[in-house]
Amino acid sequence: MTVRGYIRPESLWQIVDVLHGQGVRVVAPTLLDGLCQFGVVTSSKAVVTDYLLPQNTYKEFLFPKEERVLTYIKRPEGGYALTGPEHDFPETVVLGGRPCDAAAIGVSLKAVFGGAKWGHEDPLFMERLEATTVVSISCDRPDLSCFCPTMGLGPDDPTGSDVLITRTEEGQPVFVLEALSPKGEAFARRIGDLVHGDRDDGDLAARRAEAGEAARGRFVRTFDVEGVKDFLDDPANFDDAMYARLGTKCVSCGVCTFECPTCHCFDLKDVGTATQGERIKIWDSCQFPAFTLHASGHQPRPLPWERYRNRFLCKFKIYQDTFEAPGCTGCGRCVRDCPVHVDITTYAMRAGAKQRKLIGIEA
Amino acid sequence: MSGTALQAAVRPGHLYVPKLVRIQKVIRETHDVVTFRMAFVDEADQAAFSYNVGQFGEFSLFGMGESTFNISSSPTWKGYFECCFREVGRVTEALARLKEGDVIGFRGPYGNAYDLERMRGRDLIFAAGGIGFPPIRCLVWQVLAEREKYGAIVVVHGARTAGDLIYQREMEEWARLGDVHVIKTVDPGGEPEGWDGEVGFVPTVVEERVPWVLERRGKGVENAMAFTCGPPIMTKFVIEALIRMGFGLDQIVLTLENKMKCAVGKCGRCNIGGTYVCLEGPIFTADQVAAMHDDA
Amino acid sequence: MMYSTGFQSEERHATLADAVARARAWLEAGEVGMVVGYGAQSPFTDLTMPTFVNDAEELDEELLWNSFCDYNLLGYAEMGPKEQAKGRGGAAIMVKPCELHNLDILLEEGNMSGVTRDNVRPLVMRCAGVYETEGLNAYTRDDAELKVQTKCLDCPEYLAAHGADRVAREKAARTDYQQYTGRLEDDAGVDWATTLNKCLHCYACRNVCPSCYCTEGCPADEAATAHVTNALKLIKGIETSRQVVYNLVRTWHIQARCSECLECERVCPVNIPIMALKAKLGREFAGEGSPGDVIGFLTSVTERIVREGITAGAAPEGDA
């Protein structure tokens, strides 16, 4: 554990003002459209301090909802003048993200866009990630929809964060600060005076560990994922009746995919005329009917439950196989916000139970 | 004009930005199938361009979008490359109206390629239906460029009517080589007056004619490989015919198509179950396809 | 709330066991091939979900009935004609009394909906009110503040179950009820241009609505709304957005065919006050045109509404 010291509770969000004063762009939980969402803040007054998890993720600051990748102008003498995407990413600190988002964005999305396995690195994402310092705050009170421990993470897991801040529980609460990377160390130096105490203070480390343990004990939504991937690996299970049973009510609204920190699907569209315009990369969703609709009219996934089956397969199998990274970090947004309560954890529970029964682990 | 000047503002090799290519020749294969022969506007790009047989590219008509086509030329040809497409929708209909000298965009090459090593010394059966011919045609030309490395070659091409057959002059050229068996066929009812080819669906013709060719060489199917591309229903029946003839699933090679956009494994669109077609395909053996989830 | 004319007379099942017994009898006799009811969502919450049972043996295990049964299952009425087409009779559907009016509409429009008294058989449940379920996946079970849905406060059955005094007290205490009913009469406080432009085109409202059963030629789909939006701009010089057009077209289309079950408002991710819009259209634009050429009709209706009632507003800019 790389404890650097602690921050007093009343100073925590002053970090926003310090960073803003230094010309750093700060993304933090703030009120947008009446909802707590990650947004750019220029003052600590704009921060929502009493939150569990903002409705959106900060992936939209690294992988924008809409992004121009190309401008074209037809030249009168023939051919085109092409201009590529803008590469101007301000130095950014994401303050107040949670471990589930940090792991999903810093590891899983990085595996997709960084091209570690298959190449084709996307510099738009990677350069933004490079310019971003992720300062996460551990959760102490998970709600009914959170399930990160089941996915191998936890409310105080450092994966994907440059800095992790954990609120201690016993006695006078303080926010213990751990610097986890060179960017994290640089951040600690930036906020200098706000950090008190000694590096590697054993007592602080112990209190921080206790807080993490206590938070872990508060999860309600816990279940066994053993066997889920094996169930999904077998093509014979693709036709299991559970998919229609659990997914028929889906309305294909796409909210799950837009709020999901590991979802990365997009479309490339030309907007303009034959003589000038642009090509934009825009978020898309495998839940929309037109996503896989062929020009010939062939539709591989005509029904909403078939599309949700693809989502489940992606999060619990395909992501791991194709990108060698976790497809789901248990943030619970899709469970919490689905308008018709489609619940991916019920899929995982059924798939795991069936597989374990099949191989004789369970009755 | 210099291609470099046109694209100076673009970071070289940027993932989603195409390079400009100029159409050198437009060949009308049929009433709705067109071949473009093209080369990079920047000569240095053209000289440096290489690809493996069977790969595909994303072809841009700026203002309308990109289309995914197989690169239908053989990599052994220098100075240009080709694509061949049918007018099925908005973008392809607009592409089909382009003329020589027009400029479009190209991103590629993407995807996997045919395994030429595995094909060496083997008898090769090619069965192509309709617009499924281009991904087979490039392979035939590649093989013919090093003819001595391969065994018998049989090419079966069929379409609904004679007017829908493509690459007819090339098929005649292959037949004139003397050691390539070339069979053209039309669906029953599609034969015109004085038709000199076969009449029958591609799978039927394959099953009737191919065993004879192999027997004549005193060979069974163990040394053969079959390559097929065409409408899904045709492919299904071709594979069944090949199995009846004794082919193992790993001796049968096909191309899978699925809706594609980025072609680099990021937009999440082209997966069939756990397989991203743009990354692991589009060329697969029949046993690989049999192992996939029923998601297509 | 629009109540069925059969509201009082339709038989109720007092308990789940009653309903299951009826459903089992129908299944075993082959008179229905499927039962659409409420099942448990997961072990962690009290949320329910639509459940589709084909096997009589599974009825006891899969179905439940309690105050968390919020879905209007007549949204799945199409299961009836589908089962009938497969030679399996039809579907039995668990229905709350307030939803019977939807069944009336489906039967009246039977030639389009495909629904008949035989292929959709309601299992009408005695209901003492249904809770708001928004946010139930977030709170812990103990912390959740359960409150009954606003529509229940006006229901005669709820009144009969709980008494006039209690209902009056609840109505007085519930600001959300007052705001909802207030907005139905007077939408002055609603900035329609901004509100409607929040629409995500998720089609959740359309997909849960029992009256939106058209599988082909929906006048509010992508093509139709794009057509109307463009026509308004190019031909009439009216700038508006597809979000505005979609909401106007769909709400206008169900205007007289709605039971006010509030499912659309429940599922809308951006909380568009669809019932207030419906009330507004009925109040201010009643007697507008008559259907013939659907697209032409909708274009002229939307034109009038946009010009007079709802100011144009472009969709908000995206983030980052």
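Per-chain numbering from 1; labels A, B and C assigned in written order.
The definition used in the following text is that a contact is a pair of C-beta atoms (placed from the backbone, for glycine too) under 8 Å apart; a residue touches a chain by one contact, two chains touch by 3 or more.
What you see is a predicted model, and the numbers here were worked out from it, not measured in a lab.
Novice: Starting at chain B, how many touching-chain steps does it take at least to reach chain C?
Specialist: 2
Novice: Select the chain whose centre, defined as the mean of its C-alpha atoms, is least distant from the mean of all protein C-alpha atoms.
Specialist: Minimum centroid-to-centroid distance belongs to A.
Novice: Report the inter-centroid distance (CA atoms only) between chain B and chain C in whole Å.
Specialist: 50
Novice: What's the distance between the Cα centroids of chain A and chain B, rounded to whole Å?
Specialist: Roughly 40 Å, centre to centre.
Novice: Distance between chain A and chain C based on Cα centroids, please, to the nearest Å.
Specialist: 33
Novice: What does chain C use to touch chain A in their complex?
Specialist: Going through chain C, the ones touching chain A are 41-42, 44-45, 47, 49-52, 71, 76, 133, 136-141, 198, 200, 202-204, 207-208, 266-270, 318-320.
Novice: Within the complex, which stretch of chain B touches chain A?
Specialist: So the residues of chain B touching chain A come out as 1, 6-7, 9-11, 14-18, 20, 22, 41, 60, 62-66, 88-89, 92, 101-103, 105, 258-259, 261-262, 264-269, 271-274, 276, 279, 291-296.
Novice: Enumerate the contact residues on chain A facing chain C in the complex.
Specialist: Residue positions touching the partner: 33, 39, 52, 60-61, 64-66, 143-145, 220-221, 244-246, 248-249, 251-255, 332, 335-337, 339-341, 343, 345-346, 349.
Novice: Tell me, which parts of chain A touch chain B in their complex?
Specialist: 69-70, 72, 74-75, 77-85, 87, 112-113, 115, 118, 120-124, 232-233, 235, 238-239, 263-270, 272-275, 277, 279, 281, 284, 286, 291-296, 300-301, 310, 313-314, 317-318, 321-322
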